[in-house]
Amino acid sequence: MVPAEYYLLLSAAMFCIGLFGILTRRNALLFLMSVELMLNAASINFVAFSLQWGNLTGQVFTLFLMALAAAEVAIGIGIILVLYRNFADIDVTKPTTMRW
Amino acid sequence: MLVELLIVFALMAAGLVLLAPDEYAGQFAAVLSLVPVGVSLWMYSVFDGTGNALLSGGQPAFETMASWITLGPYAINWHVGLDGVSMPLIVLTTILTTLAIVSAWTPIDERESQFYGLVLFMQAALIGVFSALDFLLWFVFWEAVLVPMYFLIGVWGGPRRKYAAIKFFVYTNVASLVMFVGFFTLVFGLGDSISTLGLPAIAQALNAGQLGSVAGFSPDVIKLAAFVALFFGFAVKVPVVPFHTWLPDAHVEAPTPVSVLLAGVLLKMGTYALLRFNFTMLADIARANATYIAIFAVVSVIYGALLALAQQDLKRIVAYSSISSMGYVILGLIAFTPHGVGGATFQMVSHGLISGLMFMAVGVIYNETHTRMIGDMSGMADRMPVTAGVFVAAAFGYMGLPLMSGFAAEVLVFMGAFESTTIPAAPLFTGIAMFGIVIVAGYLLRAMQKTLFGPFRLETDYDIGRAPLQDVAPLFVLLALVIALGVAPDLFYRMIQDAVFEVTALGLGGGA
Amino acid sequence: MIPLQTQSTLPDWAALAPAILLGLTALTLFLIDSIDPNDESPSLLAGVATLGSVLAMVVTGWYLVAGTGMPRTGGAIELFSGQLVVDGMSLFFTFIFTSVTALVTVASYDYLSGRPNQAEYYALVLLAATGMSVMASANSLATAFVALELSSLPSYGLVAYLKNDRGSVEAGLKYFLIGAVSSAVLAYGISLVYASSGALQLDAVAEALSMGIQNTGVLGVGILMVAGGFAFKTASVPFHFWAPEAYEGAPAPISGFLSSASKAAGFVLAFRVFVTAFPLEVVAGTIDWTLAFTVLALVTMTLGNFAAATQDKVKRMLAYSSIGHAGYALIGIAIVTGTANQGYALGASMLHLFVYGFMNTGAFLFVALVEYWGVGRTFEDYNGLAKQAPVACFAMTIFLFSLAGLPIGGGALSKWALLSATASAATLSAWLLAAALIVNSALSLFYYSRVVKAMWIEEPAGDFEVSSHPTGLYAAVVGAAIVTFLLLPAFGVVSGTAFDAAAALF
Amino acid sequence: MVSAFEFVPAIAVLPLVSFVVALAFGKWMPKKGALAGIFATAGSLLLSIWTVLTVAGILGSETAYHEEIWQFATGIGTFDLHLGVFVDPLSSLMLLIVSLISLLVFVFSLGYMNDENETGLPRYYASLSLFSFSMLAFVFADNILMAFMFFELVGLCSFLLIGFWFREDAPPSAAKKAFLVTRFGDFFFLIGVVGIFATFGTGLFVTEAGFPAMAEQAISGEMPGTVADFLEPLGMGAQGWFTILGLLVLGGVVGKSAQFPLHTWLPDAMEGPTPVSALIHAATMVAAGVYLVARMYGFYLLTPTTMGIIALIGGFTALFAATMGVVKQELKQVLAYSTISQYGYMMLALGSGGYVAAVFHLTTHAVFKALLFLGAGSVIIAMHHNENMWDMGGLKEKMPVTYWTFLSGSLALAGIFPFAGFWSKDEVLYEALIHGLGDPVILVAWAMGLLAVFLTGFYTFRMVFLTFHGEPRTDDAEDPHGVRWNVKLPLGVLGVLAATLGFINMVPVAKLTGAHIDFLHKWLVGSEIVNAEFLTGLHVYEDLLPYESAYIAGGEVPTLLISAALSLGLALAGVGLAYRLYAVPEPVEHTKKLGGLRTLLMHNYYQDEYQVWLAEGVTLPLARVADTFDQGIIDGVVNGISSVSLFSGDRIRRIQTGVVSNYAALLTIGLALLLIAFGIVGGWF
């Protein structure tokens, strides 16, 4: 069996990739995808440690996470839509009417 | 229930006046404010409190207590009562409020109902400050005073009123909060020995040495820290040099009736609290640090007087001289002698009346001339003989002319301070502080000579007539009070002595 | 006395009645909308929403009075195998949410007049409220996460509700993006906690951790990330970046809703999770989270207030001040150390959030009123407003001074409770917090009184006329003002409950 | 029978009533309040006479009186403050003098003020009444606090009256100066008062419970408890501390009695109406200082150092002021400096142990100086308020009553036999001489006093000759304005008194003939009760006197005669010189011959200049520096804090760039920082 530390490393790596995406991507959809990546990193942990601890709690949580990710995307797409309508762009760095 | 009556009536009066039409608001407020005057005078006449309200054996008059809220382990009560220290201040507050309202009739000519409503609201809070015997209740009133004052300066003040109002507001608020933390450190240090935030309970527990250590700090350190925090908090209000710079701005910008209340009553909150907290609850710390406090006092007296000497604006002169006069109060308090503490308390009342008189006199001149600068006018006595006469009387009262209340207060403070064993080299400190009476004569005489006397001349183009009766009448009332208290200080001094006598024995040896 | 005070008279699930009522109301609104999709009768929508929230509030109040879930009636009621718990704290916070919701729905009636999609608006508000009340009851990291998302997702939509308004959309976007990142961080943090403990239920986590912590790093990172996730909800540094824009851009009632109720929801979760799942004596070797919260509190209140001091738009000032207040409320959890009276500290925070619910919502609703009138957004635009609308300005003055901690409203007492709580801890960090609170309080007095000054002291610049007096907005503003003021003399009504509820947590 | 003592408070209260009446109703009264004052002071005079007769034992056996009449401030666990009345030979004599001169001045004022159609008369009469009230109450004060209180009120009245013509520039300025300079002295006085109360727990002048008696016990070794309690923490001996207290009180005396260096206010005070000068600045207020020393003489006698300083100040002031009087051109200025000089004599007498001499000179001087001032007032009326002596001349024929009475006063002032001043001044110098022979300090003081006799004779008669003799030098002098009865009556009364008052204490005659005609001496010895109970009789003081008497030329009588001859000779020499120089039809300003000295004298030794410099050149700039410091530094810090806060707030909000990616980055950085920090602290890595 693969030691749990490896799953931790994997998930950490995924989380960081997602984070990197957030910091570098200006496209709102890519931003959203990066967030999904981070959520999935959490899912990996849950599933892996569910196995390790021998209970199903973690796996259940993963199901919640997946559902949630879907809902989030739905809302997100909606917002990106109105963003595009108002700013004619989905570059997240464009809307800066409010600052300071 | 009489204290409640005073407070509730003042609040109701404030509400009624707020709703009254502007034209009649002033008269209406004056009439309404006569009720608290009457009630407080009646309370004075039937006053039966003995001893200090905070110390064991003291029995405040008109005491009521009712459960209010619980704050964690502490029951907070509605707890009010008056002893010999607070009774005179209540009378001072009610009388000065009425007079300030009457003196506002002429200068206040817009949004009158709001003005008088706020004044009455402030009166309610002030009465609360002087009567509350529960810390949180007291603090509510203490902070509530700021709100009307902010508006009174900010809306009806002079050209820089917004700056002055916010400066007053923020500065004194910071001080209050610092004081609050300091006090609660003490409260938590007392641990289980108190179950309410009643000031008497706390004062007695502290004096019985029940303060425990908090978070590894010994009781002495806690006490010292709390003392410093409390002293700072109140020193700003008094104000003590170097925490005084809000005062001249506030005074100069505030309309005259507000200056009257500010100098007459609000400053006394600070010294009242110093007496109640620093010098009653933490008497041992006060004694141990008497040198520094005496230095604060003496510096306030001399430095404040010197500043007054350098001013050209009449109101600024009186404002700085208030700082000087309040220095005497501090000196008297730290002396820990019956006449020192008693004289200091008497000086609170006396200075309240005299500074009120002074500000009103300046205000009456300002109403007619629309200037307060010494250089702008000359020989005003020629056109306004009665006002000038009162001004002269007030100025001499301020200088401590015998048979006016200021003299009695100052001489008692001096005597108390001189024989103090708390202050090291007490005669020297007292002697230096007393030089204030020379400087005060210097700047007031100079101001009078330049404005009232000499050939008539005015740099502005207003017609100068005699001041209307409504402007002058409050001056005479105040002058009469000043003289009455000057001839018979015992009117208040006896009950003050009764209340402060036990304070002077606090903090001697013993104690933790 | 009241039958509900013992569990025997009503089924256990009845303890969740407030959340159920809120959820049902939301569904009812959807139903109404699907029956009659045209917004012909906004009063019906607003009425149902208000009725639902008021009903939930009344039930909550009743439970609070009756002592449901309190130690005196047999302790917390656990539901669904302990996934949810109803106790004094959850009810206390539910009361905040429901009352804020009621204020917001009442105010929205006028604010929304003439706008499309009102049913969705009200439904989302109530769904978010449902999420919040579940958050207050959440006793497991899983329910906590789901409830948090239930309150967050509708909020994103609500912020971007004015979909033709660039500000609203921009605010929605920023709120959503930061929210998504934060929920990812939270999820990841939970996963790490799960990795260390193998449990998600709060007391189980604590129990597992007390058996021994294998990898302190994993747990430590997990705990901090969980804290980060909550920090997003409470708009605390460094997860606060969404807040100024979201509050500024959102419809003003929603700003009030988010900055009061949503913030409180974040706090109730933080309180419960950290106190129950990560008891300090267990995790102290790994991470002293009180220190973390101390740092967060210090930075949050300072940043919020300093940034607020130099704003030129009232709404944005309120937004930043809301961050500042998050910093104040953090004090309660930052000093839950051995030296302090823990229940006192936490109770103080709860009280502050309670009062804050009314005064801050009221302030934002006043802004809503001003937006309704079409007055501008800057301080200068508010000049001389009191001449036109003295009653509303009087109410606003009460809100602002209460926010600043002056005793013409309950905000003073709650702030003092916090301040005294720092004194009770009497550690260096607590005194630091006290000092910061004082400095920031002074600063806040400065900028709050700028609004007051504009309204009462300054002369009006332009000559606009306040022509209408919208009933709903006025009712909400005045109602909030009355409650804010009454919380000064009647503070005891809530303070006892708060301290009891907080103490029950330990 | 009703005792006069019960009415003693009324002596002061009557003028107080007249103050109120004049102030409130004076405008509508026939003589604008003068009548109220006249009636009140007349009443006071009658009561004073009655009191004096009672003290003399003529109207009963009770010859002194002490009563606390008003509890001022009650102390619990400490001393009370009260006001009380004390009547003994000294105070009753002083009551008589003050009320007499007050009455005469009121009458004179009818001529000087009413007849000249001055405005503001109610204010004038009210102030004058208030002054009488204060002075009289001061005189019968039984404790030093009460004395101080009325001492201050006297100062207030002085301010009001000097500045009476407030519409001009000079009088308000002079009033300010008078008050300020005396206030400076009173500052020390008040410290002394406070110190006395703090030390002894009482300020009572008299009885065993009074502070002089307690001080005596303390010095003689039986330290009273309260004194010991005070002195112990102070770490000072009784003698040294009492010296300090005595000197502090002396500060007030120096201020009020216009002694060097606080004499500068008095010449300026001549800006007030002349009757005021007569009343306040010659006969009574200035006398208050000297009276105070006499009142607490029992205390001063205990500290020889203080006595020596008093004598020295007195002797020096007598000479110093006389030199300045020599060159003055204005009538009232000469009188002002002569007043300073004469009070110097009284101080000299007190300091050198001549208690009777001092009181004697106080009495005679009150009369003849009031006379001279009123005479000057009469001249000034005549001269249409021109005071320059060089514009006068030859008034002798035009106003004989004024001339003869003025001459009487001048002779008294110069100390010419047998006028009043001769007797009293002679006794002063004699006492100083006999005590000075054993004490060089006193001897120096005596020498200065003696020298001043010559100058006094000179400047007095320079004044007389320039004013009344020779040819009229201006039109006004040619045709002077007439004066009425209300001017002439007081002059007449005082003129007679000035000539004859010396007979109350003709010590040389008594000594020579053995006749017991030293009435004043006997008066001050007092009755049994005064000595035994109240401890203020002359015998008490003689017991305490720190000096030994010594005689030249083999005995008391020769010494006395030599002394008298010496002073009379010098006075005559002065008069003679004045006669030579100025009793000519066309006198010239001989003072020009003095050259640089004259400049010095005309500028009053630059005393004013340095005091003005202290006030305006040092204190005011210091105040301005303090103001700058206050505005700049202290307030600067306060405002600086707020500016810094706002500035940093402005910086802080720049973090919020509006770009959401930046937010994500900052969020990440923040979280990372937290993780790293806590990781290091928690040892996760």
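Structural remarks
First chain written, first letter: the chains are A, B, C and D, and each begins at residue 1.
Heads up, the rule we're going with is that a residue touches a chain if its C-beta (ideal position, glycine included) is under 8 Å from a C-beta of that chain, and two chains touch if they have at least 3 such contacts.
Quick caveat, the model's predicted, so the values are computed rather than measured.
Comparing the chain pairs B-C and A-D, the larger number of C-beta pairs in contact belongs to B-C. Comparing the centres of all chains, each the average of its CA atoms, the largest separation from subunit A belongs to D. If you average the Cα atoms of subunit A and of subunit B, the two centres end up 63 Å apart. Centroid to centroid, with C-alpha atoms defining each point, subunit B and subunit C lie 41 Å apart. If you average the Cα atoms of subunit A and of subunit D, the two centres end up 96 Å apart.
In whole angstrom, the spacing between the mean C-alpha positions of subunit B and subunit D is 37. The residues of subunit A that reach two or more other chains are 22, 92, 95-100, listed in rising order. Multi-chain contact residues of subunit C, defined as those touching 2 or more other chains: 173-174, 177, 181, 185, 244-245, 307, 311, 443, 446. Counting partner chains per residue, subunit D shows two or more touched chains at residues 642, 653, 656, 658, 660, 664. Annotation, chain-chain contacts: A-C, A-D, B-C, B-D, C-D (touch as defined at the top). On subunit B, the positions that touch subunit C within their shared complex are 67-73, 76, 136, 139-141, 143-144, 146-147, 150-151, 154-155, 161-162, 165-166, 169-170, 173-174, 177-178, 180-181, 184-185, 187-189, 214-215, 217, 222. Across the complex, subunit B is touched by residues 339, 341, 343-344, 347-348, 401, 405-408, 412-413, 416-417, 419-420, 422-427, 431, 434, 437-439, 441-443, 445-446, 449, 452-453, 456-457, 488-489, 491-492, 495-496, 499 of subunit C. Subunit A contributes residues 4, 8, 11, 15, 18, 22, 28, 31-32, 35, 38-39, 41-46, 48-49, 52-53, 55, 57-58, 60-61, 64-65, 68, 71-72, 75-76, 78-80, 82-83, 85-87, 92, 95-100 to its touches with subunit C in the complex.
Those residues of subunit C that touch subunit D in the complex are listed here as 173-174, 177-178, 181-182, 185, 216-217, 220-221, 224-225, 228, 237-239, 241-242, 244-245, 285-288, 291-292, 295, 302-303, 305-311, 320, 443, 446.
Contact residues of subunit D toward subunit A in the complex are 653-654, 656-661, 664-665, 668.
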